[in-house]
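Two complexes follow with subunit A in common, the first pairing it with subunit B and the second with subunit C.
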Partner chain A sequence: MENLLSEEEIFAKLSVILQEALRIGTTKIRPEARVFDDLGAESLDLLDIRFRVDESFGVKTSDEDLIRSLGEGLTAEDIQEKLTVRSLVLYIQNCLQEKSQIL
Partner chain B sequence: MSDRRVVITGLGSVTPFGVGVGRFRDSLFQGHSAASLITSFDTSRLPTRFAASVPLDEAALDSMVQNQKSLKTMSRAAKFAVIAADEAVKNSGLDGSEMDPYRLGVSIGTGGLGFWDVEHSNRMFELIVESLDGGNGLKLDSSKVWQNTLEKTNPLTPLKALPNMLAAHIAINTNARGNCQTIATACTSSAQAIGEAYRQIKAGVADVMISGGADSMIHPYGIVGFSALGVMSKNNGEFRTAARPFDRRRDGFMLGEGAAILVLEELERCKQRGGTVYGEVIGYASTCDAFRLTDEPPEAWGCVAAMKMALTDARLNPGSVDYINAHGTGTVMNDKTETFAIKSVFREKAPSLPVSSTKSMIGHLVAAAGAVEFAACVLAMTDQTLPPTINYESPDEACDLDYVPNQARKARLNVVLSNSFGFGGQNACLILRKAP
Partner chain C sequence: MRSAEGKDLIALVTGGSRGIGRAVSLRLAAEAAGTVIVNYLENDIEAERTRKLIEERSSSCILAKANLCHVADVDRLFLTIKETVGRLDIFVHCAAVTAFKPLREIRSNQWDLTMNVNARSFLLCVQKCIPLMKVGKIVAISSLGSSRAIPNYGALGPTKAALEATVRYLAAELAPTGIQVNAVSGGFVKTDSIRKVPGADMLAEKTAARTPAGRLGTPDDIAGIVLFLLSPSASWICGQTIVADGGLSLL
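Right, the complex of A and B next:
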């Protein structure tokens, strides 16, 4: 069941997604790595990553929820600075929990 | 009048003969045909089942693109363009870090139908099938198709459809921050792209332009579309020799795909850095028939004017031209009209003026045709060899020029001219002179 995935399991799945979306090697993908500055993403890649996350985890992500998950009062521009692999893992975990509550 | 001169200092290509100018040159002068049966999708119920495809699948092409992440937003044509641009820039020896990036521009001709490649066409087909409602007797709810398309198509896919993505990728790869333009005028696109790049260097608004074109329409919508218009050869039984421009038995063109990119540079700048010059662009003109979308106007006024105006731009008499690379599609109308137009412009010189159609070998590369054929002119010039019109067997009384039949021929070439014509009444003409 997707909603029972641990943080480590989510990281492992996300790592494959990031490798494919950003065409990068697995060694760069560490929890503290920033998705934009460290992994080389641009805004379009985030759309791609979200699309792949939705397909792979069976969730429905959104930019607004992702920004909210990063902290209070942030804007879309802050994503570039704040979004790390770990924050993405936590956001996906949150999406999975919300999904399991609905079901 | 500007005294700035524009020379070609780099060349790159992806053609139905493969990747690289070396392969293009060898096959061009050996008179090979790149015709093959289409295998990338099922053409069994279509009237034309052959084309001149670039002999590389997507995985092989992908491996040649340096910026792997950019592949997500690249159509097949964009990959051709980027690979050819890489070769051209390397070949020129140009060092972008040593120049003002705002004096380096990009000018590309393309069609912009990259969205509808084989993969996306198949995906749309699956989405439609998935949207059928089994509960109401397999009726199609179109609103569900569009919802499914939105939810199940990678959000980056639509970028493949933007015509200017090719130029944008080249600009990013080369740090070209000057004028970046895309010209989409059907089959004259890339001839105009090169012509406009030449004008910009001549006018002093750029010092170097990376210019050419790329296209790929050997996909379901391309084949269906050109079949509907009735302009492609249907001679599947003789597909290896079906592309036969100017021959009496011609029945339309063979579709091709690929790219050619040239580095155009201001002559003095090239001399200062010690670059190699392959030839000089000395004339360009483009006109529009302003008549009907696909019919030639009386006396071919648009293409006659384009050739005359390009000669005027080059400050040359018609007698100075040593070879014409014809548009020469292989449709009944084009070849007859182009022959008439050449005779109108070159008069008494016409019977002794060699004219050939490289489309007989590589097919019609649509928006990339002008650039690839101009590259063929550069090779003709550097090798002092006329590329042939292959598959030429039966003379047509309406086409009575020297078409360099079937075999390449050595010739003294100082000035060559390349014609490109397109739907919409577009005409473009480029003139090249031997390296100064």
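Right, the complex of A and C next:
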């Protein structure tokens, strides 16, 4: 059941997504790695990663919710600096929790 | 353009909540369609704004959030259309994404994503439109990048070339069934997404100066050509890409 995934399990699945989308090795993918600056993602890649997350985890991510999950009053530009692999994991975990509440 | 019976046509516009898609949705609502189905990816606020503007034009609006990259989402979108309105008369494909960078730097995932949203989703939607259209009109939004090498347009241009080729094949295949397929290609159109182009302001200024008509295109400039292609006056145009760029491509 996707909604019972632990943070570690989400990280493992997300790592595969990031490797496939960004064509990077697994060693670069650490929780504290910044998705843009450290992993080399661009804004189109974030869309691609989110689409893959939607399919893989069965959730509906959104740009606005992702930005909101990083902190109050942030803009789309802030995401480039603030988004880490761990913050993405926590966002996915939140999406899964919301999904389980709906179901 | 109004149908002979009045404003009773049913239209689907992908990427219909913003930019050119919104302009097309609003012109359809004002002139032709009693119901406009606005497909969008995720911006609920802009979609609601588009709905309000459509309703102000005395047409009804159905907001249809769907990721056209996912076949299951496309299937759901058309199932909803079938169950709620039962048919389609018009389909306008405006959905597009891109990264503004040189083609030599495009990663395979970026190529796949732009192809999927910009070109493949058009084909998937048309295949689903066919059983819902007795007779119908389909228009895809292209751009000059399909045939010209525009700096930092490497991710978008090839997808638009694929889109235009898809339009030609579908036009030939579907004309005997009463479904007309064409495309509109704009020059530099002032939309929100164009701001993401590196050096957008300077590029806009230079492009306007180079354009014989002396200005950049607006979403409504493109919407006007789309409405023409959807009108009975354009019924003999089949599989063409109409360039509407203020003369930019002439020089």
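Going forward, the second predicted complex is superposed on the first by the 103 of 103 C-alpha atoms of A that agree within 3 Å, B and C clash if a C-alpha of one lies under 4 Å from a C-alpha of the other, contacts with A are read in each partner's own complex, and residues count from 1 in each chain.
Here, contacts are C-beta pairs under 8 Å (C-beta built on N, C-alpha and C of every residue); 3 or more make two chains touch, one makes a residue touch a chain.
Fair warning: this is a prediction, and the values are worked out from it, not measured in the lab.
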- Message: Both complexes share subunit A, so when I overlay them there, do subunit B and subunit C fit or clash?
- Response: clash
- Query: Who contacts more of subunit A, subunit B or subunit C?
  - Reply: C
- Task: Could you tell me if A:Asp78 is touching subunit B, subunit C, both of them or neither one (first, second, both, neither)?
- Result: neither
- Message: Looking at A:Asp37 after the superposition, I want to know if it touches subunit B, subunit C, both of them or none. Which is it: first, second, both, neither?
- Response: neither
- Query: Is A:Ser62 contacted by the first partner subunit B, the second partner subunit C, both or neither?
  - Reply: second
- First (subunit B), second (subunit C), both or neither touched by A:Leu22: both
- Of the partners subunit B and subunit C, which touch A:Asp45 in the superposed model: first, second, both, neither? both
- Note on the structure: Of the listed subunit C stretches (73-81, 181-189 or 217-225), the one clashing with subunit B is 73-81
- Message: By the touch definition above, which subunit A residues appear in both interfaces, subunit B in one complex and subunit C in the other?
- Response: 21-23, 44-45, 47-48, 51
- Given the complex, residues on subunit C that touch subunit A span 42-44, 67, 69-70, 97-99, 101, 107-110, 112-114, 155, 196
- In the complex, the residues of subunit A that touch subunit C are 20-23, 42-45, 47-48, 51, 54-55, 62-64
- Under the touch definition given earlier, write down the residues of subunit A that touch subunit B in their complex. 21-23, 40, 44-45, 47-48, 50-51
- Item | Parts of subunit B lying in touch with subunit A, wherever the complex brings them together | 68-69, 71-73, 154-156, 159
